[in-house]
Amino acid sequence: MSVLKREKTFSLILLGALLLMSLAIIGCGGSEKQDADSQGESSELSGSITIAGSTSVQPFSDVLAEEFMVKYPGTQVNVQGGGSSQGITAVVSGTADIGAVSRELKDEEKAENLKEYNLALDGIAIAVNPANQVSDLTLEQLKNIYLGNITNWSEVGGSDAVITLVNREEGSGTRGAFEELVMGEDAIADYAIVQNSTGAVKTIIETDKNAIGYISLAVADEKVKSLKIEGVEASADNVISGQYKISRPFIYITTEEPTGLVKAYLDFVLSDEGQAIVVEEGAISEILK
Amino acid sequence: MKKNKISEALVEILLRISAGASVLAIIIITIFIFYKGIPLILKVGIVDFLFNLDWSPTRGSFGIGAMVIGSLAVTLASLVWSVPLGIMTAILMAEIAPHKISGILSRFVELLAGIPSVVYGFFGLIVIVPFIRNHLGGVGLSVLAGAIVLGIMILPTIINISRDAIAAVPEEYKVNSLALGATHYQSIGKVILPAAKSGIITAIVLGLGRAIGETMAVLMVTGNSTAVPDSLLAPVRTMTSNIVLEMGYAAGDHQTALFATGTILFIFIVILNLAVNISMKAGMEDGN
Amino acid sequence: MATKGKEKIVTVLFWLSALIIIAILLGIIGYIVVKGISVISWDFITQPPSRAGKEGGISTTIISTIYLTLVSLLLAVPLGVGAALYLEEYGRKNTRFGYVLKLTAETLAGIPSIVYGLFGFVFFVIFLNMGWSILSGGLTLAIMILPTITRTAQEAIIAVPQEYRSNSFALGATKWYTIKRLILPAAAPGIVTGIILSAGRAVGESAAVILTAGSSLGMPLSVTDPARTMAVHLYMLAMEGISMERAFGTALVIIVLIIFINYLANLSLRKVARQ
């Protein structure tokens, strides 16, 4: 391009960049949250909200959000992962409007005065590779495997192979629930493989014949084998009846009484339509029963 | 005339601000990384933080010793195979191969450098990990897998910088050596390489820096267990993976511990860079 | 002669090492092409992901990648080129400020991307309350590519022959005029090469992006919207086992984009050489 045009373009770009920076820094800030709360009386829902947290809840949030946005075009529901603990941090710090958690809140977290909304119940399936001969374990055996006291499948009735232990990361709600329900105060063996989502754990179980891991019951399909614990099969009915003991709630949390777009979304999720989606995606609805 | 003077001065100020942006950025980054990380290091004690092998943040134990070992293990294992390969290729490109072929090789190396780390991690996860699991043993997610993937990623750094160092050796050295009756290879081995030594070491050090800092690819293939790896086939967690895995945890101390890991990485890289700078200066003074 | 035999072996070894490297590169790219090509279709490129990426295409991630890269370039290029001009044309290179700048630029270049991600998360996302957004991601990426742009711009500016400047001043032109009309145009190809290379880096970045631009699947409309880039999408698809075929497809699109960017950079580089 000609010299004149080049210089004009350059100055324009420089100006544009500076403008952009200043506009953005002034213009954003609390704008996301303001959108969410400013609905009030208008029948037209618009604006955007962010849900952040548990990776177990994320696939549900994704589908629920998709349906919600179809119902109310002009709205935007953004779904982030990061883990249950990050969900709590995000909502407390204001980075997210709704936090997604896949375990009961701890005492110190409850102290933050968060509003909780149970969107579903989910069993935690103890899964192994379909080729694994073992089909059930007692809670004691399960705990010992995760403590590192049992290291070979032959010790629990399987073939002679070293157990590949799979764990979740520290901030995971699934791990938190598992630890509370199975491990108690004791620590999981440190040689366990650690993956940062339910999906990643499932991938290892699918491909490693000797792997064992805990995953959201909602995603347990025919590619993995869910073990019976204490003789009880991991199924939705058994979770509801309480016979299958390893389960946890999926909770949406907010820092204050929800209004506007946040309230609309939560209402949708807890409605029959929303709960039907929850069940369809594999979790358990306490509302629809 | 006056208008010109004002606009000139304005331009200079604008440009000075641009230049200051880099400095400002690094000042802010340094402040934040240290501000967020140092409190925990002080609380736990630097020795305990670095050398304690027990990482259990929920129980109040913040030792990243196992991760430091993990980072070092994977990095060193990657250097072991990529450095010889890289230097040999660099010598080939700079001294032996015909110009056209060197050019083509350059393009290949460029492409290798351009592929994002997630893609390497993905390939590692799909191909390398199962291969190790099925043919070598263990889970597949291992030090070895990390070393292979990392090695591939730092090859371009090693090749490019080594090749530049070799090419920078003055022509007279080679000419004189050949005139004295040495063969091409003897000249390479006894004259050119020693002369390029500091550049090649720089290449290795920068490769090391890049390897230690790599996150995504390593996260995908090393298994991330918190135990110290006892063999090449054992799973391992690096300092970088540690940060990504547990980011954003609610408890203040845990999050600060992750920042502290970042701080340590930051300090380490800065020291590495300074060392490279100083040695490069020394290398130049050696009369290259 | 004994040495001749040894030298033959060494030659073979050297060529072998080059061959290994080519094999690695072609092997990786080839594998991804073979596995990913079946997913690639017009729909894949133009449809957004649905059901968390299990179905649908990757259109929003492609847009997000381009959007994020452009924003980071828009921020980094003026600053980087400006810094380079300041150092080279205003004679500040050899002062203490110049030395400090060189040191900081080099340090910035060596910092691992995860540290940038941490910083971006704490500073832009939380402290400045920009949330997970293209803006947070763009600012973080801009800092990451700033050193490269500054350095390549510097080299390009240095390469401009001194006569341009001396002739211009002799004719009475001001400094800025000289820069604007003569030096920048002459240095443009070199600067552009640096920009293209930095764009390539931005496209592939994942650790820093996932912590700052987020991983939300929607179409980003403004800079305050979160965005999932292709690199992040690949990471999530692969790690969570959501859809291996789509993961391959995404990887393929990324590689094609990188090859294209490399090609552009080479064209630009040849323009520089021709000068």
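Per-chain numbering from 1; labels A, B and C assigned in written order.
Quick note on the criterion: a contact is a pair of C-beta atoms (placed from the backbone, for glycine too) under 8 Å apart; a residue touches a chain by one contact, two chains touch by 3 or more.
Only a predicted model underlies this, so the values are computations on that prediction, with no experimental measurement involved.
S.K.: Report which interface contains more C-beta contacts, comparing B-C against A-B.
M.R.: Of B-C and A-B, it is B-C that has more C-beta pairs in contact.
S.K.: Looking at CA centres, what chain is most distant from chain B?
M.R.: Centre of mass proxy via C-alpha means gives A as farthest from chain B.
S.K.: Determine the centre-to-centre distance between chain A and chain B, using the mean Cα coordinates as centres, and give it in whole Å.
M.R.: 33
S.K.: Using mean CA coordinates as chain centres, what's the gap between chain B and chain C in Å?
M.R.: Roughly 17 Å separates the two chain centres.
S.K.: Would you pick out the residues of chain A that each touch at least 2 other chains?
M.R.: Answer for chain A, listing residues that touch two or more other chains: 14, 195-196.
S.K.: Hunt down the residues of chain C that sit against at least two other chains at once, touch-wise.
M.R.: 78-79, 82, 239
S.K.: For chain B, give me the residues that contact two or more of the other chains.
M.R.: Answer for chain B, listing residues that touch two or more other chains: 14, 244, 247-248.
S.K.: Considering the complex alone, what residue numbers of chain C touch chain B?
M.R.: Residues of chain C touching chain B: 3, 7, 10-11, 13-15, 17-18, 20-22, 24-25, 28-29, 31-32, 78-83, 85-87, 90, 92, 97, 100-101, 103-108, 110-119, 121-123, 143, 146-147, 150, 174-176, 200, 203-207, 211, 231-232, 234-235, 238-239, 244, 247, 251, 254-255, 258-259, 261-262, 266.
S.K.: Across the complex, what residues on chain A touch chain C?
M.R.: 3, 6-7, 10, 13-14, 16-18, 20-21, 24-25, 27-32, 48, 50, 55, 58-59, 62-63, 66, 76-81, 93-95, 195-200, 202-203, 206
S.K.: Looking at the complex, which residues from chain A come into contact with chain B?
M.R.: These residues of chain A touch chain B: 14, 82-83, 85-86, 88-90, 109, 164, 167, 169-171, 187, 189-196, 204, 207-208, 211.
S.K.: Considering only the defined contacts, which chain C positions touch chain A in the complex?
M.R.: It comes out as residues 50-52, 71, 74-75, 77-79, 82, 125-126, 128-133, 135, 180-181, 184-185, 188, 214-218, 223-226, 236, 239-242.
S.K.: Looking at the complex, which residues from chain B come into contact with chain C?
M.R.: Its residues touching chain C are 4, 7-8, 11-12, 14-19, 21-23, 25-26, 28-29, 32-33, 36, 84-85, 88-89, 91-93, 96-97, 105, 107-112, 114-123, 125-127, 152, 155, 159, 183-186, 206, 209, 212-216, 220, 240, 243-244, 247-248, 258-259, 262, 265-266, 269-270, 272-273, 277.
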